[in-house]
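Next up: the structures, one after another.
Shared chain: chain A. Partners: chain B in the first complex, chain C in the second.
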Partner chain A sequence: MFTMLRINTATGATVKEQANTREFLLGARTLSSRLVSREVVPACDPFGRQNKLFFTNGVLSGTTVSSSNRLSIGGKSPLTGGIKESNAGGIVGTRMAEQGLRCIALEDAPGRDAGWKIIVVGKEGVTFHDGEFLAGKGVYEKSELLVERFGAKAGCVTIGPAGEKLLLASGLACSDPHGVCSRYAGRGGLGAVMASKKVIALVVLADGDVKPEFVDSEVFKTGSRRIVKLLQENPVSSLFTKYGTAAMVDICQAVNVLPTRNFTHGWMEGAERINAQTMYDTIKERGGEGRTQHACQHPCAIQCSNVYPDKDGALLCSPIEYETMALMGSNLCLKNLDTIATMNRIANDAGVDTLDCGAAIGVAMEAGLAEFGDDQAAIGFMEEIRNLTPLGRILGSGCKTAAKVLGVRHAPHILGQALPAYEPRGTKGMAMTYLSSPMGADHTFGFTLRDEEVPTTKEGKVNLSKKFQVIGSRMDAMGMCNFVRYSVRNDMTPLLDLIKILHDVEISDVEFDDIVKETLRLEHQFNRDAGITALDHRFAETFYEEAQPETGEKIDITDEEVAEARRW
Partner chain B sequence: MVKVSFRLSGTSAVPLSVDVPRRLDEVVHQCAIQAGVELGGYIAVRKGRVVTGETMVSGEDEIDVFPAISGG
Partner chain C sequence: MFTMLRINTATGATVKEQANTREFLLGARTLSSRLVSREVVPACDPFGRQNKLFFTNGVLSGTTVSSSNRLSIGGKSPLTGGIKESNAGGIVGTRMAEQGLRCIALEDAPGRDAGWKIIVVGKEGVTFHDGEFLAGKGVYEKSELLVERFGAKAGCVTIGPAGEKLLLASGLACSDPHGVCSRYAGRGGLGAVMASKKVIALVVLADGDVKPEFVDSEVFKTGSRRIVKLLQENPVSSLFTKYGTAAMVDICQAVNVLPTRNFTHGWMEGAERINAQTMYDTIKERGGEGRTQHACQHPCAIQCSNVYPDKDGALLCSPIEYETMALMGSNLCLKNLDTIATMNRIANDAGVDTLDCGAAIGVAMEAGLAEFGDDQAAIGFMEEIRNLTPLGRILGSGCKTAAKVLGVRHAPHILGQALPAYEPRGTKGMAMTYLSSPMGADHTFGFTLRDEEVPTTKEGKVNLSKKFQVIGSRMDAMGMCNFVRYSVRNDMTPLLDLIKILHDVEISDVEFDDIVKETLRLEHQFNRDAGITALDHRFAETFYEEAQPETGEKIDITDEEVAEARRW
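Then we have the complex of A and B:
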């Protein structure tokens, strides 16, 4: 039996429900997207009483299986107007498992005059605490105050000042293994949704004592070790250990898809100044708190995260991911890792998504508010967001809003969510994935680039994108880290075996993929019911009119092809 | 000499004498063994263009080989 804890944020009432279905077994996006589909009125105001926020862990959460403790968060997105699943590493999923919880649902919303609350979930039940003392503070300070009150081992989810003001690009910051709320479910504006319920922090205490009940613990240990072995032996996974996702800078530059100058180019002169090797060397040279390897959750055999230190070796930002290096670096023509790290830190403190804000700043630069390549101006824009100035609020609402206000046609987004770090005219597979995702532009949704024989052609890309939509969604479907997929992409048996050993439930690979496809169907249906049409699944017209200089390519993908890529 | 560089591997470019045009995939695998690089999926780039394993390489071709990874 799996337990869902429902919390009414208006009345304080709580209720526990139990279920023993496949969706509760798998948890994660399989569960969160089904709950959103079933319980949230698609046409509702994302900030209204009818929206809900579901926090779910995955099928292997709370066990010793590497990289199995992602937290999935679902609700209706204020950024896209559609369904949203955003997930993060950290310790919250584990703490939920220790409390015997598969899902926590935040429901309803108090009146607009209600004060901020902290909701605390522990062994003794659920309590509401006054959260006014956290209001207006940055995420780093909130994080310290939460640790002070609830301990470093508590799993906390909080929002920044941007979320408190309902900015559309605000995310949810989740505790990392050190107790710092630095692991972001950043996309889709779910931080603002939690704020609309006047919840400034959700805390899952470390006093849970529920342990996994294994059918056969020794066999499970063997299966768990098998996953570690697969990860360690896979050359792709092991490369992540050294360089993290930053390795993508060189790859994207080589294939002309590194977003540059507000997505008008796919190549930047001097990109080597912000690449993985430079970052690795800088971290090693500065030493101190810097780490080229770091685990965002325990246990993890990949450890792709990092800690980027300042010149004195003190922590400046953790982690810095490729997508941020591109959207806050090359896309703004910035070639200084310290600048990117500083912007990333401010974004983490303000509680906003680095991708949507980086893209919004690109739009602002194109509008002439600053020159591309101006480091100080770029940091200044981030400070405007943190300080909630009028311009900051526009930028903190993402690139679609910024482009409308600032009069820029070349707005890099789908469904209002900024394109992540792959220039779509140079990679038609990624373009197809962006166009067909129910979440708005999302690279993790179906990562085709590594398997595109000819990235610049659209031929075969409907099928390729769909293939990787399934492969990519498998990990989300069960709460595993996306990077495990390299080791099981041709054979899910090692993970499905662990489910069998832990829960005594047999799921075949075919049945599992059918569940994944059904999730996609439900997500698209929710969006249709919410009023999203085929016309929304398009890039800005400029991507169809203007060729990317390096490849000579325009977007030539038709609505019919996108519709086919969305059909499940 | 065809030159194959395994990017992000910490190894030097591998020169290989190719008298008659050969499939890229064969060349890359041979060079990987020579360089001691464990080869998984890869993306190969010649003169700024992605080239497939079936592409014929010869003469003075310079190939950059990247591990096929993804962002996160």
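Then we have the complex of A and C:
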């Protein structure tokens, strides 16, 4: 049996429910999207009483299987207007497992004058604490105060000042293994949804003592080691072990899909100044707290995270991911890792998604508010967000709204969510994936780029995108890190075996993929019921009209092709 | 035969087309909405090459019939995302008639680096002039420069700095009889659409010499005098003659529908300080350039416009309308006519709609950016718009976008267009009309308030709204001022007779209403094709959840009722 804890944020009432269905077994996005689909009125105001937030862990949560402890958070997104599942590493999923919880649901919303509160979930039950002392503080300071109060091992989910003000690009910051809320469920504005319920932090205490019950623990250990071996032997995940996701800079530059100058180009002169090798060398050279190989959760055999130090070796930002390096780097024609790290740090402190804010700054630069390549201006924009100035609020609303307010047509988003770091005119597979995602443009979904023989052509890309939509979604479906997919894309047996050993439940690969596809079907249906139409699954008109200079390519994908790529 | 002049704003090519259909005969919204419906791709970017702007005059344009010379402007709205017809008084429609034109179409769009131009239409043809010298200037200064260049009798349509920057609430300012561009086609952001085509002014010279050909000019004169008599005898239009639309302040206050404090209330203490009598007395007392009875076009037997003077009797703003007095007055808890006039003047100079900006300021006050009732802050907000600061851009994007950026749930709009000055929970007829309009919330459409026996109940309001949707749309359909409707609501014969005499075409009242209804059908169809769904035809959720304090009423209208009120 799996347990869901429902917490009414208006009345304080709590209730535990138990279920033993496949969806509760798998947890993660499989569960959160079904709950959203079933319990949230699609047309509701995301900030109103009818929206809910579901925090779910996955089928292997609480075990020692590498990369299996991600936390999924589902609800209606104020950014896209549709369903959202956003997930993060860190320790919250594990803490939930130790409390015997598969899901925590935040429901209802108090009146507009209610004060901030902290909701604490522990062995003794749920308690509500005054959270006013956290209000207005940055995420780093909030983290420290939460650790002080609840211990470094507590799993916390908090929001930044941006979330408190309901900015659409605000994320949820989750505790990493060091007790810092630096692992972001960044996309879709779910930070603002938690804020709309006047919850400034959700804390899962480390006093849980529920342990996985193994059918056969030795066999499980063997299966778990098999995952580690697969990850270590796989060329992609082992590349990430050395360089982190920064390895993508050179790969994308080579095929003209490195977003540059507000997604008008796919190639940047001087990209090597922000590539993986430069980052690696900088971290090694500066030493101190710097780390090139670093885990966002334990255990993890990939350890793609990093700690980027300042000139004196003190922690500047952890982690710095490729998506941020592109959206806050090349997309703004910035070529200085320290600038990117500083912007990333401010974003983490403000509590906003680096992608949506990077894209919004690109739009602001196109609108003429600063020159592309101006490091100080870019950092200044991030400070505006952190300080919640009017300009900061525009930028913290994501690139779609920023483009509306600033009069820019070339707005890089789908469903209001900024494009990730692959310029879509240069990769029609990724373009197809962006267009087809129920979550808005998303880099963890249907990642085709490595498997496109000719990235610039759309031939065959409907099927390629759909293939990888399933491959990627398998990981979300069970709370695994997305990077495990490289090792099991052709054979899910190693993971399905572990489920069998742990839960005594046999799921075939066909049945598993059916569940994954049903999730996508439900998500698209939610969106339709929320008023999202086929026309929302388009790029800005300029992507169809203006060719990417490097490749001469425009978006040439039709509504019919997108419809086909969304049909499950 | 009626003539349409097409102007390609990218190539400079022009072409004249002739037609003799009913739609060209009636002109105005009948024609503009059909042209938009037929020629504009519904899903297009409103600022892209596929959008068009149609300027049409009406069936009695160029004649001496009272209030018959309004100018309609149609296109796809960047504010609502749907079809738009916005109309204004002034002299441009007459100038077009004198040039023998029923319609001027601005098509295509030049590249993003094109400079500003002025398009001049005259007897000798179309010429393009460099318009860079107008860029960045306020509408008042632009007006003066246009008069200097093209004469006080030229009919000009221009935009303010807000339009130049593509702000969504920017309007089109049209010449009044004194050569001042102060008659606004304010709603729907069409100013930004003209800007997107890099047209900073459209000028119709006064050198036209086409005169109406009368089948029988004496009979026409008699028919025309009949209209004047009807207007003078009608209690509503004669009330407007004395007091202007300001008369509505007391009427709305009396039935608790005066928008107050960001549409959270329907009644304001001290409303008498901004009512019609106070305005009348102030204007009379100050004298100077002040006028209580003033025509926006010639001839007009109503003359509801006014000239509001400052303390020294110099023109401060002309006109001040009830909608502005409520949205920039009571809605912000402001009780000083000088403040409202100042804000209105700045709006006119910036080139923005007073309703959408007033509503956006209400949202900003609710967000805590200033206190309700703070005159200086309110004027300051307007200056931010005029100066195009980040906060000004937020506010100039209208209340929907401002609410998104500022984190306010109670956003008073339908389809992104701010509610006019009737708090909808207190008048379910107007609420039904707002919800049903293809243009977004609109005060010139389906005006039920005067005919609601019990405004707070929704019973019978579907039919009442539909009845007045037709009555109001008849005026738009032929380019008449909306206030003529009071005199012909039960009998259109006086107007249909004039059409017969002037054009030798007989249109029955049934046929006429069929044309009106077909226009509505086409408009809703365009919107559906543009991705607008039934869910967009709803108020913000708070209007359904929170009762208006004065009446205890919430919005209780269902999607089904709205669908019925939109079925034609």
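Assume the second predicted complex is superposed on the first by the 568 of 568 C-alpha atoms of A that agree within 3 Å, B and C clash if a C-alpha of one lies under 4 Å from a C-alpha of the other, contacts with A are read in each partner's own complex, and residues count from 1 in each chain.
Rule of thumb we're sticking to: a residue touches a chain if its C-beta (ideal position, glycine included) is under 8 Å from a C-beta of that chain, and two chains touch if they have at least 3 such contacts.
These figures come from a predicted structure and were not determined experimentally.
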item	value
Chain B versus chain C as contact partner of A:Pro455, first or second or both or neither	first
First, second, both or neither for A:Ala192, with chain B first and chain C second	second
Chain B versus chain C as contact partner of A:Leu334, first or second or both or neither	neither
Which superposed partner A:Met248 touches (first chain B, second chain C, both, neither)	first
Contacts of A:Val92 with chain B and chain C, given as first, second, both or neither	neither
Which of chain B and chain C A:Ile471 touches, first, second, both or neither	neither
A:Gly48 touches, of chain B and chain C: first, second, both or neither?	second
Doubly contacted chain A residues - partners chain C and chain B	none
Parts of chain A lying in touch with chain B, wherever the complex brings them together	234-236, 239-240, 243-245, 247-248, 250-251, 254-256, 276-277, 304, 321-323, 420-422, 443-444, 447, 449-455, 482-483, 486, 550
Residues of chain C defined as touching chain A within the complex	43-45, 47-50, 165-168, 192, 389-391, 393-394, 397, 401, 404-407, 409, 530-531, 533-536, 538, 540-542, 545
Residues of chain B defined as touching chain A within the complex	7-8, 38-41, 43, 45, 48, 50, 52, 64, 66-72
